[in-house]
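Across the two complexes that follow, chain A remains constant while its partner is chain B and subsequently chain C.
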Partner chain A sequence: MTGDEWHDSFTRILLEQGVDPHEAQRLSEDSRAEAIAARRHPAQLFGPAAAYAVAVARAARPAPLLAPLARAKGPVVLRLTNVTKRFRRREVLRGVDLTLHAGEVAAVTGANGAGKSTLLDICAGTLKATSGVVERAARIGYAPQQHGVAPYLTADEHFRLFGAVHRMGARKAVATGAHLAAGLGWRPRAGVVASQLSGGTQQKLNVVLGELSRPDLILLDEPYQGFDQDSYLDLWAQVYAWRDAGAGVLVVTHLLHDLDKVDHLLELQGAEDR
Partner chain B sequence: MLDATRQQWLHGFLDFCLLCLLGERRDYGLGLAQRLAESGFGEIPGGTLYPSLLRLEKQGLVQADWVSSTVGPRRKYYRLTAEGRAAAEERVAVWREFRQAMDRVADRADLAEVETA
Partner chain C sequence: MLLAIAGTSLRELTRRRSALLLVIALPLAFYAARSDEPGQAVRFLALGVGWAVATLALFSHVGSRHLDRRLAVVGASPTALLLGRQLALLGTGFTIAGAYLVLVAVAQDVERLWAVALLLGTTVLVAAPLGAVVSLALPRELEGALALLAVMATQMLADPEGTLAKVLPLWSTRELTTYAVDATSDEFLRRGLLHFAVAFALCACGAWAAAVVRLRPNTPPEPAPA
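Our next item is the complex of A and B:
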């Protein structure tokens, strides 16, 4: 591989890794100049182009968007009062109380079958509680574990569609969507429809759409599943960025070591047969 | 095995090392690699060194500038920002405390071996 081929391949992989094209250009020129200054072949100085591009892309990833879109702070965005859910005779949730303000993160934990996803569905309004009161903000972003994306639309089409709901212009919706995607280490490619994306990338699309509609309350269901480790960390950074921007965020998770920074911890006890 | 452990540790400490060396004086990439080698860390591959420098730059701890030279090629020089200097000081303090604790624990391993011998 010649030096030029190395640099071409380095630049191409940077772009694939979701690095902004201007930034990729700058990084590529930098590595070229460094190799010249060192009087060494780039492969000798930096190692294989692919591995180096991945390492550089990781280091260059933009800090999560702070205050991406303005929101009001402080009001209650979700209040659950003595919420109970029974499926036939099986009681899944009993007496759940939670008050989540704008600018707070609540984590929901519990064993499999403890009713985490059920609770999220009730918060989103796709499932009705058996008893109790659910009050919440009107504008919600909901990123369920699966579904939620249209298989035959591209990422940009999703951005335009979801942006339009809140009267965002097509160009702004696509630009904002691309920026949010880059924060998760994903660069949507033109012409690729959602069904062609990997599970992890579909989930990233879900997360971007959740933010794009500028919700006061964001509901996430185990969004790290299918994410690689780095994206997972990015996602938590993103959760806190949403919180700092004034959204209330409810995250269903079962990784306990991440929860030292959350404002509310709701531990579900699990199902009971009666 | 030992090499892998060493490499893992160095990975965790490289950012810290760079902050310290840049605290002494500004430098360019190869100069830093050389100073790390002289300090006893062995050869640090560019594929590890440069992403680390880029990360520090993105965090605002380090500022990088291309500097032209009349005798050689232009080089990218790195120096600490005020924020980087504060971070270096803070980490040095944490490290000194950590090192003492580690030494105390490591010293016990020596004693235990003498007793069983």
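Our next item is the complex of A and C:
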């Protein structure tokens, strides 16, 4: 690979990672100048273009969309009181209690089949609890585990559609979506429909759609599926940014690490254990 | 919101190119099979258009169910979601019907061409909500397609004067075709339009009721202050 090819590859990957085109160009020129000054091939100086671009992109990413606010508990955005869910004779949830305020993050963990997604569906309103009381804020963002996007629509078309539901103008919806996507290290490309995206990128679109309207309560069901390590870290950074901006966030996860900063940890036992 | 849903739904339809081509080809195949008999050719063409539009509606509504449920959870009205998708389907259906009307005008010597336009239009108007009803009752594409196959094949084979044919949704298409092609009395027109009105009302109301039941979220009350 020649030096020019290395720089072309570096710039292209920066763009794919969601770096602003002007910023990507500036970074590429900086790296070229450094290599010339050091009189070395850029691969010798910086290593493989792809790995260096990913690291640089991560450092160059914009700050989270929402400026951190003072950490203070806001009003209750979700309250579950003795919630039970039964499918025919099979009891999936029993006596679940949770109070989540604005400005807090709750993680729901448990083994496969423990009822995590069922609980999230009850919070969203796509399922009804068999007994117990569910109260939640009216303005919610919801990213389901599966089938959250339309395979034949582009990212911008998704933003416009969801923006219309939230009574946002098309331009504002697209701009907000693009900014949120950049926070997850992704720049949507025009004309590429969701079915042509990788699983991880589809999931990023799914998450962005859940946050498009700056809701009071954000419900995420295993939102990191298909993410690489950097995207996984970016997601948690976003979750805490949303929390600091005053949203309540409920995250369903089966990964037990990186949960030290959450405000509530709700571990579901699963029907098999009862 | 309605126009945004209709617009995105139309884009989704046009991007399913293979399915769209097959759907367009279905009425043509029916027409070609009976092109030597003008009456039968138009009758089979119209039923083919109905079958094609109903199938397209079935696939569109089944494919969008999860997304529509998500949109409903964050505030979209189930009625707007149904109407938006139906607008896109009706637009597609009328375009297909218009193209085949031109074919009939050029290739057939039909007594009342305006009545052919009328019967193709009424067929599309019944078929789009019919596909939605089937999709909402049978949530998988295979089962839905088989159900439509049963309805449409029975509609084609049943004796038009029998009770079975009259309770099926596109009997009006057969009556209006007879009026258009065979230059029969206005009684065929009256019966056809009456049947169309009833079938359209039933399919539209059924689709709307099913959409509301399936998509309306169970929105919990807002939390009382602590």
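Heads up, the rule we're going with is that the second predicted complex is superposed on the first by the 258 of 274 C-alpha atoms of A that agree within 3 Å, B and C clash if a C-alpha of one lies under 4 Å from a C-alpha of the other, contacts with A are read in each partner's own complex, and residues count from 1 in each chain.
What we mean here is this: a contact is a pair of C-beta atoms (placed from the backbone, for glycine too) under 8 Å apart; a residue touches a chain by one contact, two chains touch by 3 or more.
Only a predicted model underlies this, so the values are computations on that prediction, with no experimental measurement involved.
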- Query: Superposed on chain A, are chain B and chain C clashing or fitting side by side?
  - Reply: fit
- Is A:Arg58 in contact with chain B, with chain C, with both, or with neither (first, second, both, neither)? first
- Item | Partner chain(s) touched by A:Ala190 [first = chain B, second = chain C, both, neither] | neither
- Message: I'd like to know which partner A:Leu161 touches here: chain B for first, chain C for second, both or neither.
- Response: second
- Message: With both complexes superposed on chain A, which partner does A:Ala37 reach: first (chain B), second (chain C), both or neither?
- Response: first
- Pick one for A:Gly47: touches chain B only (first), chain C only (second), both, or neither. first
- Message: Can you tell me whether chain B or chain C touches more residues on chain A?
- Response: C
- Message: To be precise, I mean the smallest distance between any C-alpha of chain B and any C-alpha of chain C in the superposed model; what is it in Å?
- Response: 35
- Note on the structure: Intersected contact list for chain A, partners chain B and chain C none
- Query: Any idea which chain A residues touch chain C in the complex?
  - Reply: 75-79, 99, 123-128, 134-138, 140-142, 144, 146-153, 157, 160-162, 164-167, 193, 209, 213, 215
- Task: Can you check the complex and tell me which residues of chain A touch chain B?
- Result: 27, 30-31, 33-34, 36-39, 45-48, 51-52, 55-56, 58-61, 63
- Message: Taking the touch rule as given, give the residues of chain C at its contact with chain A in the complex, in rising order.
- Response: 1, 4-5, 8, 11-12, 15-16, 63-64, 66-67, 69-71, 73-76, 217-226
- What does chain B use to touch chain A in their complex? 28-30, 45-48, 50-52, 54-55, 58, 66, 72-76
